[in-house]
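Listed below are the structures to be examined.
In the two assemblies presented below, chain A is common to both, partnered first by chain B and then by chain C.
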Partner chain A sequence: MTKLAVPVFAVLAAIGLAVSCYLVFFVAPLEYSFNEANKLNGSSLFFNQKIYYFHVAHAFWLFTAVGVAGTASIGFLVKRDPRWDDVASASVDVAVAFGAVVLLTGSIWAKAAWDVWWQWEPRLTMSLLLWLILVGYVLVRRFAGPSADRVAAGMAIFGMVGVPFIYKMVGQDSHPAAGANGVVATMQSGMRLPFWISVASFLCWYLALVFSRLQSTRAEREVRELRERGLDLGVLS
Partner chain B sequence: MTNVRASKISSVVALLASWIVVAGFAGAALAQPGPAEHAPPAAAPSEARKACADAMNADPKFAAEIVKVADEKAAKQRDDDTLKAHQDAVAHIEKNERQVIYAYAGMWIIAAAFVLFLWRRQQALKGEIANLRRDLDAAAGEATAGKGQA
Partner chain C sequence: MMLLRHAARVAWKDLRIELRSREILYTMAFFGALLVVVFSFAFPQDARAVRGSVPGMLWVSIAFTGTIGLGRAFDRERENDTMRALLLAPVPRLAVFLGKAFATTLLVLSVAAVCAPLLALFLSAPLFRFPGPIILIVVLGAIGIAVIGSVFAATLLKVRSRDVLLPVILYPLLIPLFVAGTKCTASLVAEIPNFDAAWYWIEFLGIYDATFLVLSIWIFESLVIE
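What follows is the complex of A and B.
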């Protein structure tokens, strides 16, 4: 199933991304607004708003990936089944990549919209901390020795608990709002289809990467088992 | 001799004192504000200008024609201003375009790097698994052969 899932989701993601790129750049309107004096608002983003379609989609699946990793880590700690650990590890690896995209595109957006590369405000700082926790998870798994899986599982749960706080830090900084009155909910009608196709495409991309990483994780376990057999047989030293 | 020297000294002192007095007056005079500069009185319309205005107003059609030309000039100025505002907006949007290119390039570079990492890792693991299996199969074969000989 995993072997088939990777190409299927990869093809779906490629088709979806091609369609969403076309819609984003050739169909979706430019973003602008007027103030009370019926003049162009200073917060109008025009072409720069095109970053939003991929930045927000990556943020959605970053939070989902962290949620999957945290849940799978709880499953691993409770049942001690290594398959849960595989799912958590694969999801965190993809979350690190998605988190890097979110931080990078968000920083470029901030430069264009607010003329600053970074602001030490709660939401951005928490997002950076979440990403650092994910990087820490990867480092722990690589270097922490025999108990690495359990320590890393604890870190994944810690990261998952932080996600709602990041989401709820709305309206307390210059970052666009989320929720019922947020930018997604109040989007112009011409922007909705490109946005949701982009979100669906990145879901397929996320799944393709997770399943691909799962294959690697299982291969890593097979290597460990073969080594142990080799040590038992005295073939390996 | 003493009187001659005393008279010389007194004449030098008198000369210095007079220079000091003159310099003081000159400085005080320079420090005074200059005379107020009055704006020249508004020129009364000349006879020729008055005649010209009368001639324009005498023929209402001619006057309307002149106003129309003046309005066209004003309209052209407005058009130029609007065009300049649009050009500024285009320049602003183009600047944003660069940011969008950076963002998308960054996103694809990270995605490509991650896929490359996954692919290389997968290839390395495949190779390692094949080597381990080969070694184990060889060891198992040797063990079987050893048992057979025994």
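What follows is the complex of A and C.
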């Protein structure tokens, strides 16, 4: 099933991306300011606001990917089944890529809206620190040798638990709001369809990447296990 | 109660080794003192700038010496391959973890006890104007570093590049701790001290320590299985 998953999701993502690009750039209305009540230097946004469709979609799946990785790591420590570990590892690999996109697009948006590339407020700090933990995870995977799976699983769980502390740690929040009264919930009607199509196509993209990563991590692990068995039997040297 | 007694045994074993050789203590304290000297050259020394930078200096030196000491404390178990013996001992693994974490806390604290007075001395920083809250936050910080550090230093024992990987793992996870420590210290050394803020960060760090202590107790056993 996973063999078919990669091409199917990749094709879906490609179609979705093409459709959402068309909708975002030609159909969706231009936004002058995000929220009449607290204008975020609305005048300078205009076309820059379009990046929101990609930024938020990536952020959605970044946090999903981290949740998947943390849950799979708990599963791995409880069940001791390396297949859980493959899922965690694949998900983190993709999360690093999505996190990079979130940070980059966020910076570009921030330059337009706040006139700075970076600001130390909760959601930015949280994304950055989360991303640093993810990069650390990848480094551990790569260089920690045979016990890498356990160290990495511990890191994923500790990282997941630490996220609320990071969020609580930094003061005021000037990021456009999320949640029930947030930007996503109060979008204009013309922006809704492009937004959700963009979110869905990046979900397909995330799934395609995770499944293809899953195949290669699984193959890597199997080669490693075979090699160890060969060494134990004295067939390999 | 039995558990705590076992933990105390493990901790006392570590501390006794350390008291006999004084290797980690001397090298860490000297390294900490060197850091303080480097800081006093690296940053401006007028009174107002010092108030702004001394919290950062204190916590950066705690972070650096802490990771070095952690790595060394667990290397000792590896060199003589005594970690296996320790894990085979007929006590719960939890006792081993608690003992290790307690001994490490004392090590980190003793180095902080060298660095903080030196900072106050060299930079004439008003670090000890309110000794109570400062000591409290440093103790909480040391507990946090020791608890999270012990979990990962123990799991990294068999790894070749553990010296590099330990800070790579620890620093992102410990950033809330360092921020809380720095902000608390900053609000205490400020010209007009802000006790509300200091207390907020002490509470924050207390909750952080408690959360990760529980998580570590829960996770330690499944992470260090040989």
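We take it that the second predicted complex is superposed on the first by the 210 of 237 C-alpha atoms of A that agree within 3 Å, B and C clash if a C-alpha of one lies under 4 Å from a C-alpha of the other, contacts with A are read in each partner's own complex, and residues count from 1 in each chain.
FYI, a residue touches a chain if its C-beta (ideal position, glycine included) is under 8 Å from a C-beta of that chain, and two chains touch if they have at least 3 such contacts.
Treat the numbers as computed from the prediction; the structure is a model and nothing was measured.
Touching A:Ala144, do we find chain B (first), chain C (second), both, or neither?
second
Which partner chains sit in contact with A:Ala88 here, chain B, chain C, both or neither? Use first/second/both/neither.
neither
Looking at the overlay, does A:Gln215 come into contact with chain B only (first), chain C only (second), both, or neither?
A:Gln215: touches chain B, not chain C.
After superposition on the shared chain, which partner residues are touched by A:Gly230: those of chain B (first), chain C (second), both, or neither?
In the superposition, A:Gly230 contacts chain B only.
Quick one: is A:Ile51 in contact with chain B, with chain C, with both, or with neither? Answer first, second, both or neither.
The first partner, chain B, only.
Is A:Leu104 touching the first partner chain B, the second partner chain C, both, or neither of them?
A:Leu104 sits against chain B, while chain C stays out of touch.
Count the residues of chain A touched by chain B and by chain C, then name the partner with the higher count.
The partner making contact with more of chain A's residues is B.
In the superposed arrangement, which partner chain does A:Phe158 touch: chain B (first), chain C (second), both, or neither?
A:Phe158: touches chain C, not chain B.
Where on chain A do chain B and chain C both make contact?
The answer is that chain A has no such residue.
Under the definition above, what is the set of chain C residues touching chain A in their complex?
148, 151-152, 155-156, 158-161, 164-165, 168-169, 172-173, 175-176, 179-180, 204, 208, 211-212, 215, 219, 222-223, 225
Provide the residue numbers of chain A that touch chain B in the complex, in ascending order.
30, 45-48, 50-51, 54-55, 58, 94, 97, 100-101, 104-105, 108-109, 111-112, 205, 209, 212-213, 215-216, 219-220, 222-223, 226-227, 229-230, 233-236
Inside the complex, what are the residues of chain A that reach chain C?
Result: residues 77-78, 129, 132-133, 136, 139-140, 143-148, 150-151, 153-155, 157-159, 161-162, 165-166, 168-170 of chain A touch chain C.
Which of the residues in chain B come into contact with chain A in the complex?
Touch list, chain B to chain A: 89, 92-93, 95-97, 99-100, 102-104, 106-107, 110-111, 114-115, 118, 121-122, 125-126, 128-129, 132-133, 135-136, 138-140, 143.
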